[in-house]
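Below you'll find a set of structures to go through.
In the two complexes that follow, chain A is the common piece, with chain B as its partner first and chain C second.
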Partner chain A sequence: MDYTAPPPETTRPARRSGGREGSSLWLMYAILLLFALVILFSFWIIISVSLTSTAELRYGFRILPPRFSLEAYQYTFANMKGIWNAYGVSAVYALLGTLLAVAVMSAFAYALSRPRFQARRGLTFYVFFTMLFSGGLTPSYILIKQYLKLYDTIWVLILPGLVNCWHVMMLRTTMQSLPSSLYDSARIDGASEYRVFVSVALPLSAPALATVAFMGLLGRWNDWYTPMIYITKNSLFPIQYLLQRMLNNIQEAMNMIEFSPFASSVDVSKLPRENLRMAMMVITIFPMMLVFPLFQRFFIRGITVGSMKG
Partner chain B sequence: MTAIRRAIRAPNKAARRNISENAQLWTLALPAVIQLFVFSYLPIFGVVLAFKKFNVTKGIMGSAWVGLENFRFYFTSLDASRTLRNTLTMNALFIAIGTVCSIALALALFEAPKRGHVKFFQTVFVLPHLVSWVVVSYIAYTLLQPTSGLINGMIKRLGGTAIQWYTQPKYWPAILVCFSVWKGVGMSSLYYYGSLMGVDEEIFEAARLDGAGRLQIAWHVSLPFLVPTITVLTILSIGGIFRADFGLFYNVTMNNGMLYPTTDVIDTYIYRALMKVGNIGMSSAVGLFQSLVGMALVLATNAIVRRIDADRALI
Partner chain C sequence: MKKTILRKVVSTLLATAMVMALAAIPAFASAQEEPTTIIQYNFGSETFIKNTGIGVEAVNELLLEYGIKLDLRLLSESEYVERMNLIINSNEYFDICFTSTWRLDFYQNVGKGAFLDLTDLIPEYAPKITEFIKPEYLAFGNVNGRLYAIPNLQILANPYGLYLRKDVADELGIDMTAIKTLDDLDPVFELIKSERPDLYPMGGGLDDRVWGSGDTVISFYGAIAEDDPDLNVVSYYTRPMYLNTNEYNLHLYNEGYIRPDIASVTTDQSQGDMVAGLYAGAFGDVKPGGEVEFKNRRGWDAYQIKISDAMMGYNSGAATMNAVSINTASPDKVMKYLELIHTDGKTLDALLYGTEGRDHVITPEGAVRIAENSPYFLGNTAWAFGNTFLLTVMEGQDPTLAERTEAVNDAAKRSPIVGFALNTEPIQSELAQLDALREEYKNRVYMPNYEELEAEYLSKVQLAGLDKVLAEMQAQVDAWAIANGKK
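== the complex of A and B ==
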């Protein structure tokens, strides 16, 4: 009953390198290293600014801070209540949203994968059509704001993006490709469709589910667009949206600071500036970089095996 | 009597089982079906807004019809030519430059002899895909900020005068191409690398025995194998040429109005028409126009792809 196929290789076997063509090998490595360094450098400069002290910021950003200072991080951890709230909103959005999405989409995908389901073709078209044509931003906005009354609630983050058609199709293809004998034997044993779904289809499509879950987490954690359109309440700002506003508006950063009773005596020029924003950015990127290795196996394999359609 | 009844019931048993099976499958499908109906299909009916002068108190149905007025307003404005031109030319640049860069990276990655190195590059190349456009806008800000940004810092150290990046539209096509490449190329190079992995290793072995060098193999063996994938992916991305990446154009430019001559695209225009101007009729009209042309392009490009490689077609 164990159906896990041997994992496809994501790199090919090592090859002996001929000494004669060392120079072209260098060219290949130069291209790869250049791009890799550009990527790492881009992330580094954010980190570098976040490690610069406020006093030294006025000399401009540096590739290497004159001396490493944790001031911005200390300040964030001590004073920025707003950012932790936004962090919480993002966590709820990402976790709850992904959990619901995977449940709803995998159940749908399972139904679509069953040959005996009579509505299968009709519903497949129903999904495809939404990928082809959409009403656009404005009708959705009017619908959600005027009619559904989801504006400024956590549900506007979770519900509209719940079903991703690409992910449904990917899950459906995976479930279809499982040997039908597995389903049939379970059905002969008298198991209901629910049971077959939960105890046969789900466990066997674990890699696809992991990929969809990771992409769901990533998309929701990184989402600034939905809140930009539908959220105006400070307490419901997810982290990315907060940071987006902060880049454009230093005032926003100050609103997030819990002022002392002597708020008026706070010297605005002493408030941490870009280093603080960059520190918050680093703290925001962190969770996804942390989660990525867990999913990397499935993720890179999914791309490398090149399942455009599956 | 019971025997007859049983005989009648027997074939029905399978049918009944089939009905209950279908009912169960329907309940599994239902949440998603309802979600799609509410959030994807209801807005499609909302496109009537494009032909109305929307009034909140009267609702969609009660608002007055204005025919094609909303479309006329957009197409006769200067914004139409600007947004259409920027959307099409910037997307064309992204597709052309992005494709060339991803192929170069994929070919180089394929020639890298050490497995550990390949894994390292794969991981690094995926990183830009893991972050949002907001993160990219922070990186851009660190580089381009006029007084303390790294690039102006370097220009000043070399004796030049600082450039006001965020107010000069002429630099932005190049800047946007750089960030688009930065964010997308690593990922798409992995797709190309994936299709190279599918090529029979013996072919490369044979080329090597014939004395071909790495560059020759990359150019004369690997690249020809990539051509079908390149063709299909390029055609598919041309299908999306009418849709701009809102995050790139909005965040990296910090939505700066002075840059609109080169950075305003259809999607940012629709957003502003709705959220800043509050012209619901016109923003729906432009949205509908974009959806229709977008659909036509996707269908057309798909028809072409189906002829080349049926497995890659979406429909």
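== the complex of A and C ==
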């Protein structure tokens, strides 16, 4: 007998058999296609505007730049000596932070998923409680700055955000839903608890781990709030925060002149405008666009993983 | 054996010498008296301050004489409030910070007990401040008759008017001296419209806050009518200054003197479009040196025309002040420093322009020229630091700017309740609702169904608790008037 999987065709509903089902499918595709187009169009406009010169912008946004110009990119790179350094900080923040976070969270989730674990209920409540209630900004600030002494170090980006309770819950549910016979058989083969975790629980939760890792990576890459509160050294600015500051600075340059009782010597007319914003957007999202396809195959399976049982 | 003894002796001697040497250093230093470090928070933009660490040397050299060392910490402007609130709430140590009515709320922080009462410290440690800042202006830093911050002198009352591009005005032969009131503008706009169809005469509508009137507007919603001796607080929406402004902007819009898509144009975009040459002019505050500023900011030589007189609002002097932290360890040194930046031009120059020769040079006319690629320059935020009238002017500025600005301040009509401060706490939720409505309906004048929207807005404002707000304002104004002998 042949035990390979049955040919998938047999499991699919016969195509175009029912007219109603077919047309609703096409409608669905049309809606999705439209949705995709809306998103693609926005992306296209962002890229197009980022390649338009400031002078041309007065005529509004165009599908194609009237004249191709790298002005905004030149301005960005010329005015930000720290941009490569910031990319580096972002990479460390996002990669190291995510790696550590996934390691800590998966171990935590594994412990919570084992029914024999004594403190399981207490710890689950502890996690759940912090999902609902938070201490607020000021106490966190006091703790981090005055007691943990993490202020203005790279660790403030990595350590306090290591455990995302929502992600822990997601991983726990996944690990709980693995057949217990797998754990039992590993145990019978003489595997220690660590061995079971590393060789059974982790590989089988790969889709969930990838999902959590990707969300963590994206969240860390895009985070500008944590560095705003806790980082003052220019050498520790991640890219998002650096760009955020630069945009504000241009706005500030304008405000400053507005409020100044004396005339200013700064020529605001030379400062790039929307094109700069768009160029910065392209600069920051670019690395994430490269990373996304790597995760995608896990991601599609993983997103629903928390809700599945059995 | 001998060698080891010798070695021991030598090493003991050396060790003793070292200990003595080390001990001698602090003794020597304490004789010099270590300067007291003052931590000052303010905001600044990286566009101007490329490296703050090295800049304060210049002012520190001058401060050494008074045993003061300044540690100036500049926060990005957009983050100032958030970071400063964290610093204050977590009881972190600092000495001085910027505070105002619009950024890092002064009254709220005084209420919190964050700032030191300076009333009795001034005569003791900074007596010269009262010589340079008139009691009337110093009182802007008062809460319930006690002084909690030192206001930075600058322009306190802006006359309102408009700017018109020189090239357009000259080409069309417009007589600028003939323009005295808003009514004189219509023929000018009509001329621009017919002769220069490529331009919109104005970049935007009139600002309703500063439209020619002697009313005192309290926090957008209340108003005390001009020359009302009883200080009755009435709804701002019933005042001619509001009604006329709306009517006038509608007129501008209907006549095509402003662009038809004005409702969707952001301030940012409007500024850029002015630079790009889409408009012949713009309404705005007029002031000494205003043309130079317009040229720098909007890129065009322009005439400025005054339409309404200057009016000093009840809290306009509280727009930029410096307060002292309640935690300060050395109020004497802090007050001395504040006295210097409010009374001594040399100290202020050093603080804002950095080291002469490296950060700036003095031109033969005595003005400051910023060195190219200077690592240090705070001149554009002079108004956030100290008495701007003492500052050496920058190249291209009118050397008499300070006197002219001071003259405008002194001549300005005063609100009858100058020095009053509104405590918004009891009406916080009403004000939040009103603010949201104001934002939602802000472009109603430029909508096709304006009249309908206006009626809708006014009825919603009533529902949001306008009357309660007005009653609270009235109660506070009355209490203030009695306390200050105005009633």
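Basically, the second predicted complex is superposed on the first by the 206 of 310 C-alpha atoms of A that agree within 3 Å, B and C clash if a C-alpha of one lies under 4 Å from a C-alpha of the other, contacts with A are read in each partner's own complex, and residues count from 1 in each chain.
Here is the rule we use: a residue touches a chain if its C-beta (ideal position, glycine included) is under 8 Å from a C-beta of that chain, and two chains touch if they have at least 3 such contacts.
This one's a predicted model, so the numbers in the text were calculated from it and none came from an experiment.
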Legend entry - Which partner reaches more residues of chain A (counting touched residues only), chain B or chain C: B
Inset, instruction - May I ask you to decide whether A:Q240 touches chain B, chain C, both, or neither, giving the answer as first, second, both or neither? - result: first
Inset, instruction - Considering only touches as defined above, state whether A:L157 meets chain B (first), chain C (second), both or neither. - result: neither
Inset, instruction - Name the contact category of A:I231: first (chain B only), second (chain C only), both, or neither. - result: neither
Inset, instruction - Please work out whether A:A55 is in contact with chain B alone, chain C alone, both, or neither, and reply first, second, both or neither. - result: second
Inset, instruction - Examine A:Q146 and indicate which partner it touches, taking first as chain B and second as chain C; both and neither are also allowed. - result: both
Inset, instruction - Check the residue A:F35 against both partner chains and state whether it touches chain B (first), chain C (second), both, or neither. - result: first
Inset, instruction - Figure out whether A:L137 sits in contact with chain B (first) or chain C (second), or with both, or with neither. - result: both
Legend entry - Contacts on chain A seen with chain B and repeated with chain C across the two complexes: 57-58, 137-138, 141-142, 146, 229, 248
Legend entry - chain A - residues contacting chain B, complex: 9-18, 20-21, 24-25, 27-29, 31-32, 35-36, 38-40, 42-43, 45-46, 49, 57-63, 104-105, 107-108, 110-112, 114, 116-119, 123, 126-128, 130-143, 146, 148, 159-160, 162-163, 168, 192-194, 197, 218, 222-225, 229, 240, 243-244, 247-248, 274, 277-278, 281, 284-285, 288-289, 292, 296, 299-300, 303-306, 308-309
Inset, instruction - Quick one: which bits of chain A touch chain C in the complex? Just the residue numbers, please. - result: 54-55, 57-58, 137-138, 141-142, 145-146, 228-229, 245-246, 248-269, 273
Inset, instruction - State the interface residues of chain C toward chain A in the complex, per the touch definition above. - result: 45-48, 76-79, 82-83, 86, 89-90, 92, 154-155, 268-269, 271-273, 275-276, 278, 287, 289, 292-293, 295-299, 370, 379-383, 388, 391, 393-397, 401, 405
Inset, instruction - Within their complex, state which residues of chain B touch chain A. - result: 18, 21-22, 24-26, 28-29, 31-33, 35-36, 38-47, 49, 54, 56, 59-60, 101, 104-105, 107-115, 117-128, 130-135, 137-139, 141-143, 145, 147-150, 153, 182, 185-187, 190-191, 193-195, 197-198, 201, 208, 213-215, 218, 229, 232, 246-247, 251, 254-255, 270-271, 274-275, 280, 283-284, 287-288, 290-292, 295, 298-299, 311-315
